[in-house]
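First the structure, in the form of structure tokens, and then the observations on it.
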């Protein structure tokens, strides 16, 4: 590294990276915080308010008549409007029209003559001369300062879902070979397209680029039909792991070949020549020289391919099936959302659960994006 | 446990089978056309034959898979695009004729061009800048991981995230959308962002840029690190400052990779529909081709003819990029 | 049978002709050195022999077999690249072992040979390093080591010692010479800019210029009887002094008139037709001795002197104008700038070239 | 004021110390040449001066200003990299113009200087080429051109001529010398393995070995009075012959006994305490003349001769064992292998080193 | 798996129907793949029904679902690997599958069965009848699990606090709306947002209002486009919706919030303090989006979206949606499954849990898990007319496209005439 550490520019770099990182992570941070919040709060207040104490209007329903006790000839229902939460009541009311009619500590007289006292700590007494009736308790509206409160319930709920372990393994079983196989196949093809002489090379490169555009959706029906007929012919099920690996491989190949070829074409020719003079065949050059030197490209593609196959739902559903045994993690999590897909708290938590594995992969492979891999190889480029 | 074991066995078998193909075919080729231990004239003739075959061995599996998984569906799409909704009756170019008269299609084309102009350029640009900047700081890897995160988040997750950004609540209410919270705290009136015609396209693009920057960043970061350090040293000695080194030394050397990233994102933009589907489903004039295609293909039983016709158009849009790539490839192979 | 034969070999990059028809037969086991100005095509020729550049025209034979279409790996060559071309991801050891591993040599044999080469090249300490952690000279030594580990039919060396210090250069040169002796059947082709290397190593030297051969011959032959002005000036450092000379008398011996009116009679026969022509007269700096009167070949004012320790170079103003003339005096010659000096030389060591620059045949 | 001053400069890569404390003051305008065996740290030192390597310890000053933390671009340096470090995406012209463009020189000025440099380096034909279409020597010339176009405070040359042919090397060397003369205030630091370059260009030569300085001095000083055995053997090619010598008599002059019983009296004073010690006796090959009887310094059987044209190297079996002794005879000395020869030398040109290898002070 | 309710134990279940089904079907060793829309909680509930089927027949049943079930069923049928039984909520999609020949007609007499056993039977027969590949109309689908859409949700205590009464007629509802607005409150919470499906809640409004302003026959003509979308009848219903939604005073957050608010978020305004709104129209599924712990019947309640007093001839029309089961692969097991759905027990077991309504007349209404469900069930049973969600009956491009977009545009400011014309144009384009 250059000895330019202390230049003032470095501060500018730090600051701009910080700024970009904040911009980029802010949305995700929102998701993270949301995933730790009470689900009822999600739609009511912005996630950033969860970080500070906020004044909230809450509704509490006092226990019904069965909870009343007799004290000094009066009927009393008491309890705590905060349910033990760490907050402070500032005002309360008993009508939805005036939810903050009384400051904490005061006593309000209800329409039916009963008296309600709510203290700052949330404890309340509902006192009446007559016996309370009905099992629908009195609503108490309170205004309380609620300190930040986070819960892991959302995560617990997701992680405890039945079959999540199976789905996790299914996802891995899909994603790992579906990452390795295309890399292997694409690397060979990319080498041929970058360094071997044969007619039609440039056209093939362009075809590969062109195939990048084929919409996945167009392929599903013809392919599944093909799978069904092959499966029928061989007497095996049409939806197998091998099938989905090949599908992911097929869909991932154009990008893999394109990226790898570009990278390989940039490797210094001399190294290959030198290996050739050393007697190495194309196969040996590929395995012993090109592959190790292409690690940065292989790693970056691996990161993406893994990510796509891991997050994929559509291809897995079509080629593997949606049954309980075959369900991949994304499928399982989406199913948790219920038929109408409304449970954001589940969504937020599961988004973070699925993200972990790809991030680990990214972290693990990032170290292959090394600097100066080719340093010292050729003099005078 | 047993499932885990089975999983490992199938994975190993799958990967092994693939590797074995390459080893075995190469070994066979060298067996059939030996070059060691035969007369040298034979050897060189064999070598020549083998060298004509070998590229195809290397390319073989890739070509096979590409044909089955991509080329065959393309042909199928073209065929379908000339047929009616259930793929039974031949209708000639009727689907295309319908298309050019369809307002929604024209809207989609227009929006797609907007996307093509904005997203690849910005995603590549941010990716490049981030890749370059993070390379020089000690916490660069952490920064990169954070910026990569959007890529790793599933689309469903991403759509919730952006809901919390763009959400609209009436004026005077607690905003749960960050953007409106900022706007209102600055004294502005909240906006229902994704319903503002024309501009909402850009709000949707922001999402894709936010996601794709991670892609550009990773690829470009690998490329930047491949630049010979000494050329940068030489530039430093020549008195170049950070900017000059970046623009005059580093960028030209990774130009090829920038083009690749740009091409890839462009093509991805042509195919993008998850975001539009999840955020607006093309309403408020945000329709794009891919979503339109999806709509026609699968909504309410679908119209395969029209869906395929739109797919054909999407594929046709890539032709200029292909030609440009052929040019590049031939130039590169000459030099 | 020739170890290596080039027949009218040509090479062009697009419209630019780089090698313009080279004919050369190298015996099996011969040590041939290519010399020539920078950019004349030495490396290209070497790379064509190796099979790394396509041959635009002509035929190439290795041990009698036409190899135009034989891939490099089948030609049985080892090569030291001018740019080293080390495998950046392999240690020094693995770089050297690579070729042998490809050839499926036994582990022990590989280890023995790598260690031997490393020993010769003083690389033993660095065997576990990657190329990027080596100095320029060390990298070059790895490149040499990689070649000399192997047992090829033809060795190709492209300026292999250019980045080594004098001592190491001598030592390595000697090792290469020894290698050549041990492997009597191995043909060696060597490119260098170092005269000492060329003179000491070569069985024959090939002088190239702008893509064609100027002269091929044993080292002393080139030094003593350069075929033309180009070779004369190219072999020897500092280069031979060249003066215009008018041919006064022809016959068994030739008398010429040098600038300043000095006359010299050389033991070189010329035809009568040459009389009156302006030839080029040459004499090497090291053949000049400060004249003690009589038989002067040149005289002039000293413009600079350069003391190299061992010898002193004396630069004289050229009476014919142009580049200064140079004389080499042994030791620290105490010559002042500005003094007028005259030099004499042994007529047997003088050279004469016709107006086209071709040497008169002795 | 020193143009460049190094104070106890150190550099290590991890646990490996590469530069082990170098102290050196270079005057403004001085031309200093670094020599030393391959891998001794020359390039590293140069790169530290340029600011490309962090300084592990010690201080560096350029024109009085401490530059340890000054970025390279602010140091006012031009450098020829050992590995050239050309910009692969720029033509030769742009490679050379880059630095000036950065400095916002006028277009005409840039053009003038680039063309001038290209002219000197015979690159004019190649100005539009990319580096990858150049020969090794051409690339090196571009690297030189890139540096000499500019107007820095300090020039750093790392083996700039190693891949050039003799003629070009001489010509370029002369150009560099001229440049040095024109830019009287510019300090030049030059690394080379070529003795001639070092001797002709240097105001002072710095001999480095394994990360430290062995001797600093004017070229002839190093040649004539090497401070120790290392320098003695390093300067001069072939290296000085070293023989064990027993000190017989001390005083104003010293008498030693050489292997084979030969005695020599040298005009070197020694203290009486040295008597009986085994010193090292040195004599350069070029100082040996075939003895015509009397005052022999060495004798032995000829093992090989190498005719370089200009001189002939005669290798003798070493009576003390080990490396052969070498003598240089001018011209083509007609010496047969196996003949026994004895050599004499001028006592003033003999060297004597104490048992630690330090030279006795004359 | 263990059966949720032990057969024979609880008398509110019609166990005899289970026993007779069991004795009539022994299909041990057969398999049945069912593909349906239910995921999450619904899936658990449905599995509990399947357990009875498994126990009764011995069939190995595999149920699967998918987020993209519409897409997946199209792919699977097209590619030739359909499930045995598909359960789908979209008649439009079913019609398409039927017309392409991917469905097997249900057993003879199913129409008769529906007519007899389901309340407003003809409505259900119509809903289940589709044209096959040969163009012949047959019963292809069996309605099972119905959602009632004509519900308006409110918080009784808020009504008490403010002194409002549950309206009995549409006129009263409008008056109440005006009164709340006059009191300074916002009467309605309306949210049309639904990600990719944004706009659909508005279609429910329009359909409900269609049924309350026009005859069922006009409604049927509308959904088949026998009358154009910009027919005054339709425009009238749209404008009726506009009366509620396009008035800043009537909707929480103002008109701009209507299309931007997610339908899942919109009911939350009922429960905030002070209430952001007093009324919310949504189908019977909506309680799952109420705040945690909300008890229907106590914390919140609903009333039937009232008819116009001025149009008594229209009776009590009920708008609903639901899922229909169909045979995609004709096997004994899939036939048996449809038979199973005809048993009261298949309904009661789900009724006894949650979120299940049925128009099946012979089920025991007391099996409903709570009063609220029972009340909804009664709305369904008392329906004089039942109409399926019109947008689901229209072609996908309209019902799940142009109609949605049109409603968004309408709320965004376009006139009903423009929107009607625009939708009609889209409809013309796909004819």
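Here the chain labels run A, B, C, D and E in written order, and each chain numbers its own residues starting at 1.
Following the convention adopted for this analysis, a residue touches a chain if its C-beta (ideal position, glycine included) is under 8 Å from a C-beta of that chain, and two chains touch if they have at least 3 such contacts.
Please read these numbers as outputs of a predicted model, since none were measured by experiment.
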In terms of touching chains, how many steps apart are chain A and chain E, taking the shortest path? 1
Set of chains whose contacts include both chain C and chain A: B, D
Would you mind checking which pair of chains has the most C-beta pairs in contact? A-B
Name the chain whose C-alpha centroid is most distant from the C-alpha centroid of chain C. E
With centres defined as CA means, the chain nearest the overall centre is B
Chain centre separation in whole Å, for chain E relative to chain B (CA means): 40
Taking the mean of the CA coordinates per chain, how far is chain C from chain D in Å? 22
Separation of the C-alpha centres, chain C versus chain E, in whole Å, is 95
Rounded to the nearest Å, the gap between Cα centres of chain B and chain D is 57
I need the residues of chain A touching at least two other chains; which ones are they? 2, 4, 43-44, 222-223, 281, 313, 334, 372-375, 379-381
Would you pick out the residues of chain E that each touch at least 2 other chains? 68, 71, 74-75, 195, 262
Residue ranges of chain D touching at least 2 other chains are 51-52, 71-72, 82-83, 86, 88, 132, 136
Quick one: which chain pairs are touching? A-B, A-C, A-D, A-E, B-C, B-D, B-E, C-D
Touch list for chain D against partner chain A, complex: 51-55, 69, 71-72, 82-84, 86, 88, 131-132, 136, 139-140, 143
Interfacial residue positions of chain A with respect to chain D in the complex: 1-7, 379-381
Spell out the part of chain C that touches chain A in their complex, as residue ranges. 47, 50-52, 71-73, 77-79, 81-89, 98-99, 102-103, 130-134, 136, 139, 146, 150
Chain C contacts chain D in the complex at 13, 35-39, 41, 43-44, 82-83, 133-138, 141, 158-159, 162-170, 193, 195-196, 199-200, 219-220, 223-224, 233-239, 284, 286, 306-311, 313, 328, 330, 332
Which stretch or stretches of chain A touch chain B in the complex? 2, 4, 9-10, 13-14, 16-17, 20-21, 24-28, 30-31, 34, 42-49, 166, 169-170, 172-173, 176-177, 180-181, 184-186, 188-189, 191-193, 196-198, 201-219, 222-223, 226, 241-242, 245-247, 249-251, 253-255, 257-259, 262-263, 265-266, 281-283, 286, 296-297, 299-300, 303-304, 307, 311, 313, 330, 334, 344, 347-348, 350-352, 354-355, 358-359, 362-363, 366, 369-375, 381
